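Below you'll find the structure I mean.
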Amino acid sequence: MPSPFFDIREFPLIQPEAELALFGVAILLIDTFLEKREKWFNAATALVGVGFSTLTLVGLPDFLVRNLQGFAGGRFAIRGLAGMMRGAEAANPGFPGFPGFNGTILVDHFFIFFSLIFLAATALVILLSVRYMEIEDEHHGEYYALMLFATVGMMFMASGVDLIVQFLGLETMAISFYILAGFLRRERRSNEGALKYLLLGAFSSGVLAYGFSILFGLTASTNLFDIRAVLARSYKPDDILVFLAFVTIAAGLFFKVAAVPFHQWAPDVYEGAPTSITAYVSVASKTASFALLLRILYAFEPSKSLWLILVAGVAVASMTIGNLAAITQSNVKRLMAYSSISHVGYILLGVVAAYSQEDGLNATALKGIAFYLLVYAFMNTGAFAIVILLRRQGLIGDELEDLNGLYKRSPGAAVLLLIFMLSLAGIPPTAGFLGKYYIFLALIETKHYWLAVFGVLYVVPALYYYFRLVKHAWLTEPADALRPSVTFGQAVALAATVLITLGAGIYPEPFARLASFAFALGR
Amino acid sequence: MTPTPYFLDHIWLIPLFPLAGAALMILLGRRLPNSAVSAVCVGSVFVSLFYAAGAVWQLVALDPEHRVFQKILFQWVPAGPMHTSAGSAVNFVADWGFLLDPLSAVMALVVTGVGFLIHLYSIGYMGHEGGYYRFFGYMNLFMFSMLTLVLANNMLLLFVGWEGVGLCSYLLIGFYFLRKSAADAGKKAFIVNRIGDAGFLLGILLTVTTLGTIRFTEIVPALAAGHFAVGASVLTAIALLLFVGATGKSAQLPLYVWLPDAMEGPTPVSALIHAATMVTAGVYMVTRMNAIYQMAPRALEVVAVVGACTAIFAASMGLVQNDIKRVLAYSTISQLGYMFLALGVGAFAAGVFHLMTHAFFKALLFLGSGSVIHALSGEQDMRKMGALWERIPTTARTFFVAALAIAGIPPLAGFFSKDEILGKTFERFPALWIVGFLTAGMTAFYMFRLVNMTFFGKSRVAHDVEHHIHESPRTMTVPLTILAVLSFVGGWIGWPASLGGTNRFGRFLEPVVAARLGERAESAGGQAASMEHLLMLVSVAIAVAGILLARYLYLQRTELPGKLAASWPRLYRLVYRKYYVDEIYDAMFVNRAKDLGTTLGAFDNAIVDGLGVNGAGWLTRVTSRLSIAWDTWIVDGLVNFLARVINLLSYPVRMIQSGLVSGYALLIILGVLIFLGYYGFHIR
Amino acid sequence: MIPVSHYLFLSLALFIIGVVGVLTRRNVIIILMSIELILNAVNINLVAFSRLFGSVNGQIFALFVITDAAAEAAVGLGIIIAFFRNRETVLADEMDLLKW
Amino acid sequence: MLDSVLFYFFGGVAVLSALLVVTRRNAVHSAVFLITALLATAGIFLQLRAEFLFIVQIILYAGGVMVLFIFVIMLVNLDVALHQLKFNRQTWVAVILAAALGGMTAFAIYFARHNQNSPVFQIPAAAAARLEPNTELVSRGLFHEYLLPFEIASVLLLVAMIGAVVMAKKKV
Amino acid sequence: MDFFANHILSVVLFTPLLGSLLLLFVPRESENAHRVLGNLFGILAFVVSLPLVAWFQAGKPGYQFQETANWIPSIGATYHLGIDGISFLLVMLTTLLGAISILSSWSAIQLRKKEYYILFLLLQTGMLGVFMSLDFFLFYVFWEVMLVPMYFLIGVWGSDRRLYAAIKFFLYTLAGSVVMLLGILAIYFKAGGTTFDVPTLLNAVANFPDSLKVWLFWAFFFAFAIKVPMFPFHTWLPDAHTEAPTAGSVILAGVLLKMGTYGFLRFSLPLLPQGHEASHKIITIMIVLSLVGIVYGALVCMMQKDMKKLIAYSSVSHLGFCTMGIFVLTPLGLSGSVIQQINHGISTGALFLIVGILYERRHTRLISEFGGLSTPMPNFAAVYLIVSLSSLGMPLLNGFIGEFTILFGTFEVSKTWAAWGTLGVILGAAYLLWLYQRVMFGSVTNPANEHLRDLNAREYATLLPLVALAFWIGVYPKPLFRYLEEPVHEIVQKANPGYYKGERAAAPALPLAPRVAAEKQLHVAGGSAPATDASKPAGAAR
């Protein structure tokens, strides 16, 4: 008998999230039975969960196409992941896919692409966490459960096309992160970071919610597509209340992606949080927030003439402040925080380019954003992984001096660090270069020459501070001869990140296709 | 078509023999015994001489109209298409090609001949020096360069030789590289020459862009085809630029300063390079390009005036020098001035003639002085010589012949050549004739001052040297003798028509230097024989007067020169100090700094020692310092400044990051406010 | 019938008061309370619009905002406790270990 | 009429107590006034015919969250805090900025209301009158249209629960 | 063999990379293995490039040995290699100097040998890639790739201020090249956004509006001008050269700087606007910068106390000639410029080797520390002299051919420019000879210098090839000109079409310029050959 509330056939649309949530709960339950030295089993469970979810996700398009043709969402074509990688043509531009649950979510390429990034980041961070949390002596099941729940939140952020779903997804993720950031409860810096994160995060959520409420009031709907339609139909592009809604929503989201001037939480939280969580925050949270931002900006497209310059300004400010402040940092995590702020600037430049076209969105820019986010996830995680390697009993390893002579102590790690730094700075043949390449190309296509010049010139100071890390690792003498040891999990994570970082740089074709299909672009 | 005669066909070998010798010396010289070194090097020059003689013999055998032989080995710089300034497209090519015509024949013979004698002489002279093989290697390299210079069929290849001889001069002047003064002198020579070379190079470029060719054989046709007017400014410019090169190489005003210093080199070097051959390269080059010069009368006037001024200027400086080689050095400059005077008045053949005779007697003079110095264990100051006539008879007698020759006493070689120049000058620029005439007197005076101070009168030789005085070995005296003979009879081939001769030399050169392009045909007219006789008489008279005056002052009233010097102290000092030219050069560039230096301190040494005495160096150095300052403070400074600013900016950015939550929240609100405020701007 | 703009002004007043609280207070707990005020303001907006449109969507949204506010409060207070254990303070301007 | 009285009364109380929340030195006082503000808001909800939300507001906020607040205040109660400055150094700047923000937003609303004729201000009052007591509607929306958010909210609350426990528990 | 012939460029390109990959697997402990293997691959890279000499057809238009493979089809980037005469010469220079400088490191590098050779070979691949790429994307990748190994070569094996110099080098070059990236993207986009193929895009560029071309030109300008380096962008160079290890300096001066000039030739010239005004302005700026560089570099050389710094600044001066030759846009200037690039690689490379040799013996580069070295090291003195002369443009050595041809090409366009250029020639003699004199002449004053070893066999092996080349180019540069004839012609036709069109017929055609090979006219006159009076055109035999 069909449920009065929802059609059970829609369940597959949220199956990946459901699996993650179930594994999260399972971890909480199993954790109570585990001895202290058996806690790694939680990580294994979490990994299995991520694996399941990934498999489901990858199979999802084919499954949906097979089983749900003619169903509510059938009006959109969707292609399997294999098709995405191969580069088959997509039917519709925009955001095609399967809407479900009364149109509150949309399972499309965009969702799948971003969810894959989240899952990959989660898996990598889990791999990197085991030893780290053991050293911190805070190795609890909740840690992994929360990561899985955060992933659930992120995935809903990516799939949600309804303000409420997005808001709840965002909050689920955010609250998980507040806790994770403060997970080292006996560590004063961790406490402080978490508290700051929470206060500012909640504050910004409040601002965001205020914006949502205005937006709801203006359009009488919580569905983004309806909102977009109403905005296009009934409002002038420069309506002041639309702008008010945009500003407050943007402030909330810019906060989440850590764009200037809403960035200040990032360095403190990055420094205070456990390094593995820092990596997670900098990669997953940022990517998810971008997914949300992209969805919402799409709804705001009718009034883009109003906000495009604002975004451009934020982008330039982010690059400027991020790069400037990073130059003199001596703490690697803070430095990476500022660097991530500047990366946000680049991605926002892509956003500017994407919306600068007369009609429709600029394909190159969308591709660039997707590619950038994809490679950013891997290269940034990789960079943090090196910092995590340095962690050992009695040494946090997040000061530049701690890198000294890394080359002598562990040549492999030093080489990897070099590769990640090059990629972050955007030097070919690494993936980071390709990301920037697309952004710049899009800017040029949309005639934002000066933004492009800004963008490229900021590569130079960026390189300078990234190479401060390299300098310490390669060109200075080690303070102690201790070789960082690498666990199997860490090795796997490093291998995966470096493989993608280099692979997407040397042979970017499949990744480029993947990126295009995030927005179901033809090319 | 009969086969080309052997020697003509192999003129390209002439420079190659010495090159082979030089290469051998550089590669293996250190392991060879001195005898082998001398055999190889002197031998190679002799073979060159032999080939040169053979080639000239075969050239002379040709009909005078056909005495132009070109041998092109291969393309050297086939640089490609270019446009002449007239707009026609040509393909620029410079060959490895050799040209034998009467002019280069004369030069080749002089170079190989005198060169051979000097090589021979060097065996004895350099026998006890270290670096024997190096010396001969350099000498052979020099022979190669010089022969390339005179045999080149195009300007660029000539430039190869031109630079080559400059290099060898640098190396040979600096042969005693342990002596700082020698090394400095070498560098000064090279760099002053480079200044001239730059002019020469520009001259070549201008030639090529004007005429489209740099082959000597094609210049005349190109001039004809280009329909240039006589006195066309571009031709004058070419001529002057080339002449700048010539003044550098041939030590004319104002670039002569390097030559006296060049006497730091071994004496055979002075004889070969700084008297007989290299310094005459400028004369050769101008003669070679006479077609252009003849079209540029203004330039010729400049040449004549510079030549005359140099002649008298240098001669006057020679009057009071006490270093035997320096006297000869100034004499060389003066004689070179003569040659340019000849060229300037259009008497190209006369110039080359004087070049040849000068090569004989000046080489002899240098070698003789070398012999004297050799005998006196290295003493060069004439005030410490005297009464050597009997002690070193061969040297003294040959030297005497040479002195007579340079003084212009008939029938020695110098008389004919000098007389021809003076005659031609009188025809054209009587004013310059007076200069030349006075110079002749001065020349006679200072030469016999030298002879008298060295060989006659009382011996002023230091005691410890006294015992060692000895005649030089055979290898040195034989070349002296041969040169003496040449100095005596060498002029006879140019026996002027006015004295019943036929001036074979002039006629031999005629095809090369003939005034071809109409304009100056009248100058060939010549003047009455009686006038010529008168001129000869006058010039011989002044020469004799000079000789007698020297005898009077330096043998009979030996105290008089001192008194004279005392009564006109300023004048004496002026002349003795070479008109303070080095000092003026210094003063123009260096002394300002010196003044500064004495008051300010340390500065001084760096500047004066810096680039040697060369005045231009000061300016260069100051500019250089400024440039460095500019580099460090402005260019780099700006960049570093930018970096520092960025670095500094980093701090305020970080300061905002106060660590206080309220502050962060405030910034968030500020951001929202800015966003909202933007709306106002946007609406407006 | 009270015009919707009145509700908007009321909500705005609460929002701004909440913002002032966040910006000026030193006590972290009161900052957290101010955030509650902000969310409350949001709810007034939502409910007012809900009534305006004659649909309950706004109320449902408000319900979720309340849920979120509760969750944030719970976690926030938890973190405050943890912080207090280590630092013996709840003053915002004494949280300055992490800066620059 | 009653509507107006209720609105202005509750609105006034809400604003006043909100002001007191942010100005009281003692956190307990602030908490009490927060309860007042929340209750006043509940009144507004009631006035807006949102009786389910009215109840939720009272039970969840005033009953649940505020107890938590008071509890924590008691737990970390610092008498010293009573003698310290209430406000931080940037207070005046903050107030000015906040006022500017409020002013601008208010202007925006006012401007939109009077000049721009935003559709939202065009909706006839008749539509509003239609909204009847609606708890059932809410439940329908919650379990039908917004079923998924409801599910997500469960995850959110689970996270919050874990978080509160993890953060607050004393021993590892 | 067929594969080898068809993929010769790839083979040449990846041989060094293969070497560095192999070296990765050689354990750190076996020290000699690294040197041996490094040298082996250095030489092997040169050897495999030799067939190019045999197979390259001078005078054939277009690119040769082209190879194309798909790479990133979605953006239109391909793996496209190919060389013309210009890149051929530069490739050969790179492989030769690469082998030589690796050899020169044999005993100079004692620290972290494994990494040294790995990085050096990597650098080699990067440089070769720049010269071979016919795809903008590929070009840019190689362009940036080679920064990294160079950074480490300077930063790890450099001298005292190496860290500063290394990062300065990196940042400077990067700053230029990122702007170039924008230029590339703009061309790519304006040309349709489907391909990065260099020949295609450069053809497309011809139809761009002038204003766009001007912008593009300046975008590219910074990358190349910094790399060359042209006058106001040169300050990274003295630092980098001075601090780098010997081999690094050799490669830096010998090859890396040529990337800038190569970029100008290949990419900037086609971007010159067609409008006379605009292009004239650009050209004037470029030439004036070059001239300032020539004179300025030379002047700064005068007062340097550090030998390496002096030579570094001399590079500024010499490269000024190269850029001047490029921008006069005459065939002579262009071919002269390329030849001078080769020459500079040879001469300055050799000079750096020489300084390296002294440094290895005395561990100082201060000129004042030396003096009178001719006595203990006579052979060294001879080689050094030849190299100095070659650098200062002595005829019969390579430098002269380049400088002369450039001056010639310049003179055709402007006599004033050429005159200023000659000033550089004069100064060049001054500073190099003065340096030589201070180091080699005089008596040995510093006791440390008394018993310096003369050159050993390995040092001979590094220097003599360069000396031989210097002589060869000086005496018989014709092959070089032949390689350059065609590409230069193509460039001039594109960048300065007026040059060939504007051949005025006003002046009567003279039988002056023999296009015929000179071998055919050995006998112009003489013997019983037809009379060639001096008053008649001497071209009778033609």
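Quick notes
A, B, C, D and E label the chains in the order they appear, each numbered from 1.
To be clear about the criterion, contacts are C-beta pairs under 8 Å (C-beta built on N, C-alpha and C of every residue); 3 or more make two chains touch, one makes a residue touch a chain.
Computed from a prediction, not measured in an experiment: that's the story for all the values here.
Following the contact convention of this document, A, D is the list of chains adjacent to both chain B and chain C.
Chain centre most remote from that of chain C: B (centre = mean of CA atoms). With centres computed from CA atoms alone, E is the chain lying nearest the middle of all the protein shown. Farthest from chain D in terms of Cα centroid separation is B.
Rounded to a whole number, the gap between the C-alpha centres of chain A and chain E is 46 angstrom.
Here the spacing of chain A and chain B, counted between their Cα centres, is 78 Å.
As a whole-number value, the distance joining the C-alpha centres of chain D and chain E reads 73 Å. We define each chain's centre as the mean of its Cα atoms; on that basis chain B and chain E are separated by 35 Å. Across the assembly, chain E contributes no residue in contact with two or more other chains. Multi-chain contact residues of chain D (touching two or more other chains) are listed as 88, 90, 94, 97-98, 101, 105, 108-109, 120, 145-146, 149, 153, 156, 159-160, 163, 165-167. Counting partners per residue, chain B has 654, 657, 659-663, 665-666, 669-670, 672, 676 as the residues that reach two or more other chains. Inter-chain contacts occur between A-B, A-C, A-D, A-E, B-C, B-D, B-E, C-D. On the side of chain A, the complex with chain E involves touching residues 87, 418, 422, 427-429, 433, 437, 440-441, 444-445, 449, 452-453, 456-457, 459-460, 463-464, 467, 471, 474-475, 507-509, 512-513, 516, 523. Every residue of chain C that touches chain B in the complex is listed here, in rising order: 19, 22-26, 28, 31, 92-93, 95-100. Across the complex, chain C meets chain D through its residues 1-10, 12-21, 23-27, 29-30, 32-34, 36-37, 40, 43-44, 47-57, 59-60, 62-64, 66-75, 77-82, 84-85, 89-93.
Of all residues in chain B, only 1-5, 8-9, 26, 30, 63, 65-66, 68-84, 86-93, 95-97, 100-101, 156, 159-160, 162-164, 167, 170, 174, 177-178, 180, 183-184, 186-187, 190-191, 194-195, 197-198, 201-202, 205-206, 208-209, 211-213, 215, 217-218, 220-222, 224-226, 511-512, 516, 611, 617, 620-621, 623-625, 627-628, 631, 635-636, 639 touch chain E in the complex they form.
Per the touch definition, chain D reaches chain C in the complex via residues 3-4, 7, 11, 14-15, 18-19, 21-22, 24, 27, 30-31, 34, 37-38, 41, 44-45, 48-50, 52-53, 56-57, 60-61, 64-65, 68-69, 71-73, 75-76, 78, 81, 84-91, 94-95, 97-99, 101-102, 105-106, 109-110, 113, 120-121, 123, 125, 127-131, 134, 137-138, 141-142, 145-146, 149, 153, 156-157, 159-161, 163-168, 170.
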